[in-house]
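Note that subunit A is present in both complexes that follow, paired respectively with subunit B and with subunit C.
And then the complex of A and B:
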């Protein structure tokens, strides 16, 4: 837990010094304007809440991929990986703490899209099921952090992680059903989408903003938690093997 | 060697350096399996919003707009070049050399305009049929040069922005992505220009993409040739305008960086 908290505090300091951390917070309001314009211009005000939630989910995916996913690679480039591994603290716990800080930071996008919707179009977030909404946001942040550990472990294996992460953004927005529910996607994609926690989170978020009662709320929240936890365990195991291989082959430094 | 021959020589070598950079980033396999998959997914993401709205015309509108936007996205990536030079520690050397940095940057990243146009066209010609959109033959061939103009205009705009931000390395990524989404929001990519307030509509006309996209929509919708050519000419004028501004401002901004020592890696 101490390693987790130390990682959390460290990342908050890094965010203050790194303008790139603000990229998703700069683009989330713009995406909200784009999506709201599309649905309003098409005469579909019933989709306004969905248009506001999509940028929040895109922000979390972005953080998982670009910032958290590149974390170990970045440390490796800056020759920090060796001293980090030499410390007694568990690397996965430090990493999870740092990623959790980023994910909490990303949740600011929720406030941003709320404000932009109000100011630009007078559209507010309809808090039909506030408890479900808050719980969904929290478990989504948790699952995002867990998945990010898996991304970080995989990306450190690639020769050019940035090219890889750039290529994955929109495929994951699509598969994660951030705007268009997985049920509307072509049939052959749906099974893949179902295995991604974000598609469950997106459906729950949309449902929490609509008046009808939410079916199987706690079971669906449980699936999000389960998929996030599985990703974290997978990432942790992968990280262990990757780092052991790097240590054995003397590949911890990039040179 | 005459001044013209020297300029051509510098641009030729800069272009080859750019191609070498690009080959280091992508192999043809990673371009197809990575970049193109992302491009098709981006266009499909927006086209599926049209499907969710239950309106085929809106689906096609979003599909065309977001396909052509890919040319701009890649063109704006030229902003990353100055940061790359700075990370590599070569920016001060470039500024100190007798040739103008703008010559080097404009030639070195010109492959981005070509790559952007190619990616955009691939997106349109793959995603279009996938979503059941008819591409009127042979009229659709006119989309090819028009997309190239959009890619070029975006690249010129990106080069201008590179001059503005190259002394502020830390905000480069922020500027690239915010500008890309701004173009997506303001250039008639997802909703018609008439949906915007009038001031924004005028502003969008001096940005890359807007006029070229209108010309391309005109080709696909069977508009008259004069309208298409008018919009294409406006897009070309926007390209010339941004490159002129880039030429006028870049050297002055570089000189300022030389004076205050903000060009090197540690600054």
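And then the complex of A and C:
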């Protein structure tokens, strides 16, 4: 837990010291405008709230994936990885803390799209189930961080993480039901979506903005947590093997 | 360390032997210097002992714990300081850097803060502790590196070229700090190519070259190893006497300098013979000296210039 908190605090300090961490937040209002324009043009005002949730999920995922991709590589280039590994702290926990700080920071995008909806189109977010909404956002931030640790482990093996972070984003937005509910995707894709935490998060977020009661709310939230935790454990195991390989090959440091 | 070897196998290049059967034992509380030219294998050895690099063969233990199999026991007990400017979060302040590293050693928040402040004072960064590391001079970064190595209150410290970039005054303060750490009972492995540093602070020195241990002795004993290479500075003798000295057994060179000469011998017992001849000839001043550690280093490893 201390390693997690150390990573969380470190990343908050880095965010405060480095304005470039705010860049992904600049895209959320733009995507909100695009999606709102599309649903309004299509004559579907019932989908306006859904259109505002998509940029929030996209921002969370983009921040997490992009930073996760660069975190280990960056530490390696700055000769920070070796001293970190020589401490008693578990690297996966430190990473989880750092990425969780970023995803919590990314929740600011929710406020952004709220303001943009109100100012640009007079669209309010209908807080029909506020508790469900808040809890879903928080567990989504956690699951995003947990999943990103798994990707971080894989990215260490690549020479250019940027390529992967860019090309992995949109398939996940699609499979995760960010743009449209996974239930209306082609049938053969749906089983894949079920295994992706974001499809559960997206459905829950949309449901929390609609009047009908949310079926199996806590079970579905539990699935998001479980998928996030499983991804983290997978990432932790991957990281162990990747680091062992790097220690064997002498690849932890760059010249 | 028992017969520790490390071979790097870069892609499409021949293997590089960084360590070749190194055996070394450092008792608790000793300050041990690891002396060698660039590429000798010093950093590789430090990395293996600090658990971040696996040996190709052989076995290494720190405080009795295997550095490959028992990393969880080794890591809380060690602190490492790698030289150079990297290794710090340069957008954060010195204090924030230390607090982060302290938290990684599972210290409580209160203990982390208290220890951070103590270390900041100890390495002389009190005035600049709350400024970003990117504004620090190279020497200040090096001192922060040192504080980072100490933040876990390590029993065993690995210092790899810790005075790189320090000005002479800071380097002297560093040696004072090392002496303090010795009094606290810590064991220190100091990898350096600075002879004066090794000679000043180390109890024993291991000379390493091309991945092999050349010798392990106290700095003074190492000097004696080649005491047969003793030199004699003499004044007040004429050229004829010096010509006679040149013919004596064991005299390797006689160089005349400003009314005097420097005589070098390369055989045990030759010094006494030369001294006797010089006194007989009425020399006004005769001085013998032992080689410095630097001379030992050059003698044992060879003067390769910039060649690795």
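By our rule, the second predicted complex is superposed on the first by the 251 of 255 C-alpha atoms of A that agree within 3 Å, B and C clash if a C-alpha of one lies under 4 Å from a C-alpha of the other, contacts with A are read in each partner's own complex, and residues count from 1 in each chain.
Here is the rule we use: contacts are C-beta pairs under 8 Å (C-beta built on N, C-alpha and C of every residue); 3 or more make two chains touch, one makes a residue touch a chain.
Since this is a predicted model, take the numbers as computed values, not measurements.
Undergrad: Based on the superposed arrangement, let me know which partner A:46 touches: subunit B (first), subunit C (second), both, or neither?
TA: Neither partner.
Undergrad: Once the structures are superposed on A, label A:164 by its partner contacts, choosing first (subunit B), second (subunit C), both or neither.
TA: A:164 contacts subunit B only, not subunit C.
Undergrad: Should A:89 be classified as contacting the first partner (subunit B), the second (subunit C), both, or neither?
TA: Only subunit C; A:89 stays clear of subunit B.
Undergrad: Once chain A of both complexes is superposed, is A:18 in touch with subunit B (first), subunit C (second), both, or neither?
TA: both
Undergrad: Answer with first, second, both or neither: which of subunit B and subunit C does A:30 touch in the superposed model?
TA: After superposing on A, A:30 lies in contact with subunit B but is clear of subunit C.
Undergrad: Give one of first, second, both or neither to describe whether A:215 is in contact with subunit B, with subunit C, with both, or with none.
TA: A:215: touches no partner chain.
Undergrad: Given the touch rule stated above, what does A:173 touch, subunit B (first), subunit C (second), both, or neither?
TA: first
Undergrad: Is there a shared patch on subunit A that both subunit B and subunit C touch, and which residues make it up?
TA: Touching subunit B in the first complex and subunit C in the second, residues 18 of subunit A appear in both lists.
Undergrad: Show me the residue ranges of subunit C that touch subunit A in the complex, using the header's touch definition.
TA: 6, 8-9, 47, 50-54, 72, 75-76, 78, 80, 82, 84, 86-92, 96, 99-101, 103-106, 132, 148, 152
Undergrad: Using the touch rule from the top, collect the residues of subunit A that touch subunit B in their complex.
TA: 18-20, 22-23, 26-27, 30-31, 33-35, 37-39, 41-42, 44, 47, 160, 163-164, 166-171, 173-174, 179-181, 184-185
Undergrad: Within their complex, state which residues of subunit B touch subunit A.
TA: Counting only subunit B, the residues touching subunit A are 25-26, 30, 34-35, 37-38, 41-42, 44-45, 48-49, 51-53, 55, 58, 62, 170-171, 173-174, 177-178, 181-182, 184-185, 190-192, 195.
Undergrad: Under the definition above, what is the set of subunit A residues touching subunit C in their complex?
TA: Result: residues 2-3, 5-6, 9-10, 13-14, 17-18, 77-80, 82-89, 94, 244, 247-250, 252-253 of subunit A touch subunit C.
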